[in-house]
């Protein structure tokens, strides 16, 4: 089993609905350091899992959908809680669409929201 | 598959029995940076794996059982080698008890003992 | 010259006025990992620069003034650009007030805003 | 499931063949921070996965095969692309040979090639 | 005293002349994680030390002079030992030229060459 | 101004006398990640601040005086509080003796005792 991972980051504002979120129910923000891990059983003819440049560019294109935005006002997130878990899942779906032509396997998206907490979503790309 | 992870640390003294431990057979100590990863297939109605605040508090409560202690003199560890692996397993058991009411899934405990070595234990919480 | 440093973090929403800020002129947010460094020429009678527990608590109290807030709506920041530099200076002033009784020397506040950028302010506490 | 991990690093020069590698087709170099993770279901009688000292020494012996070399001129790599994925697989094979007498289980080798990209190979040691 | 810092990285091949360099006398390579710190006594009217975007772009332009190259074959480095110290000084000079129009103060360049060693050069930009 | 830094770590047990230390008055332990920074105005004829190999070996020799020990029982520390600040100063003195023949300048020793606290001592080597 081989893995290649690339990293980038984005910064957003948002608020979370539900008592469980305590002070995070108020509008606040976060920097998320994002890691995208691509996993496959076999390498391509070039001896790679995925072209790192392609992976970095695809990730940057996905994060541009979120970066410097107030998620509470984005149509795409109307009525949903943009938790770390949700955002990891959203980025997974968007990135899967963009890399599908050159990658099939498992994709794991991890979002570090601070030095004491992070979250991730993992699923297949087919 | 979703994961949420939280981090904290504790500091202890101990010694290890067995030739394999070399100089660590003498009483010495360590700072352990601890990561607890909670993994589930589905999110709760609030859109989360586990409440991060609850997870951080439960982890802090468990680490208070160990922090600033000489493990060689603790009743709970009489006759056992408090290796990194053992301590990861011990913290797993204690944390599982405390979060069971609000989390079922896989729990992985990782202890970084220095910048060149770490250990972990992973098991289910039911 | 001795230094003791402690770390914590906070999460806020804000926007920045001025063309130089590009997309950061829109309401967005950030997680800031904060390090407070205390520097003195001599140690106290206990052999320390400052009590680490006291330093961590004072820093936590200061960060509670900012954490989970939209800085654009805070009275304290009306008419100012809450850049990383400004926030480092603000935290310096607030922390200096709280530790002055037990610390005189140089205090440096560093805010990591992402894995590729950070800022700091350094000044004396008398 | 228990894991023990150890870290070291090595520095090499090499070039990569194939258009997909862009500027990396020219002779350049890299520092790789390497993590070796050993995973088993059960601990030994000493309460460990593997002796950390033995693991660090075995890893150091394997990295000495690569460290401070121009891989383009090494017989062992004639005709292959020494990608991060390939090197992770190569180190896995070499390390497996050296630890087999005292470890059976899963071995994962991760190579960090920069602060924005890393790769790994995972397989069993029997 | 205010500081703003930005980070990037580059990968090169080179060899070092002199017995003191031991195995590094052979052609090998390295990834350098680079931090550029800009320090001034006063903020600009926008409340900043330097525009982070401008700083990141200027650093990227300087690192492009080095990235993916064999320094032993570059005209610019003929007859010099491209040690970490030398490269930090070289990057300082190149970056100073590019930011001089919008920054006066102290500039410190740090190159992490592995997880156990780093070097830096610090000087004024006027 | 040039700097070269090297890193290593050590693990000890100790206790601290004085109410200010709270629970750390009990015998406990710590892993300290240590960084030694060497700073000079001019490079040697080889183009370096100090030979990194020599620096790493000298640091390792100094840390061997502390590693895997209970400092409460060491003659060298009788009657002193082995705080992070004190240990940084002690390591500075021991390392200065060992590198004096090949280095004059400023030496800074930093001890990370956890992911939220570190301390350092800085002084000249003549």
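Letters A, B, C, D, E and F mark the chains as written, and numbering starts fresh at 1 in each.
As a working rule, a residue touches a chain if its C-beta (ideal position, glycine included) is under 8 Å from a C-beta of that chain, and two chains touch if they have at least 3 such contacts.
Keep in mind the model is a prediction, meaning the values are calculated, not measured.
Comparing mean CA positions across the assembly, the chain most remote from subunit E is B.
In a homomeric contact, the two copies may use the same or different surfaces; for subunit D and subunit E, over half of the interface residue numbers are shared, pointing to the same surface.
Compared with subunit C, the chain whose C-alpha mean position is the greatest distance off is D.
One inter-chain figure worth recording: subunit C and subunit F are separated by 27 Å, centre to centre, where each centre is the mean of the chain's CA atoms.
Centre to centre, using the average C-alpha position, subunit A and subunit E are separated by 31 Å.
Annotation for subunit E: residues 7, 115-116 touch two or more other chains. Residue ranges of subunit F in contact with subunit B, taken from their complex: 7, 9, 11-14, 23-24, 26-33, 67-70, 113-116. The part of subunit A that touches subunit D in the complex is made up of residues 1-8, 43, 46-49, 51-53, 56.
The touching residues of subunit D, when paired with subunit A in their complex, are 18, 20-22, 80-81, 83-86, 88-89, 110, 115-123.
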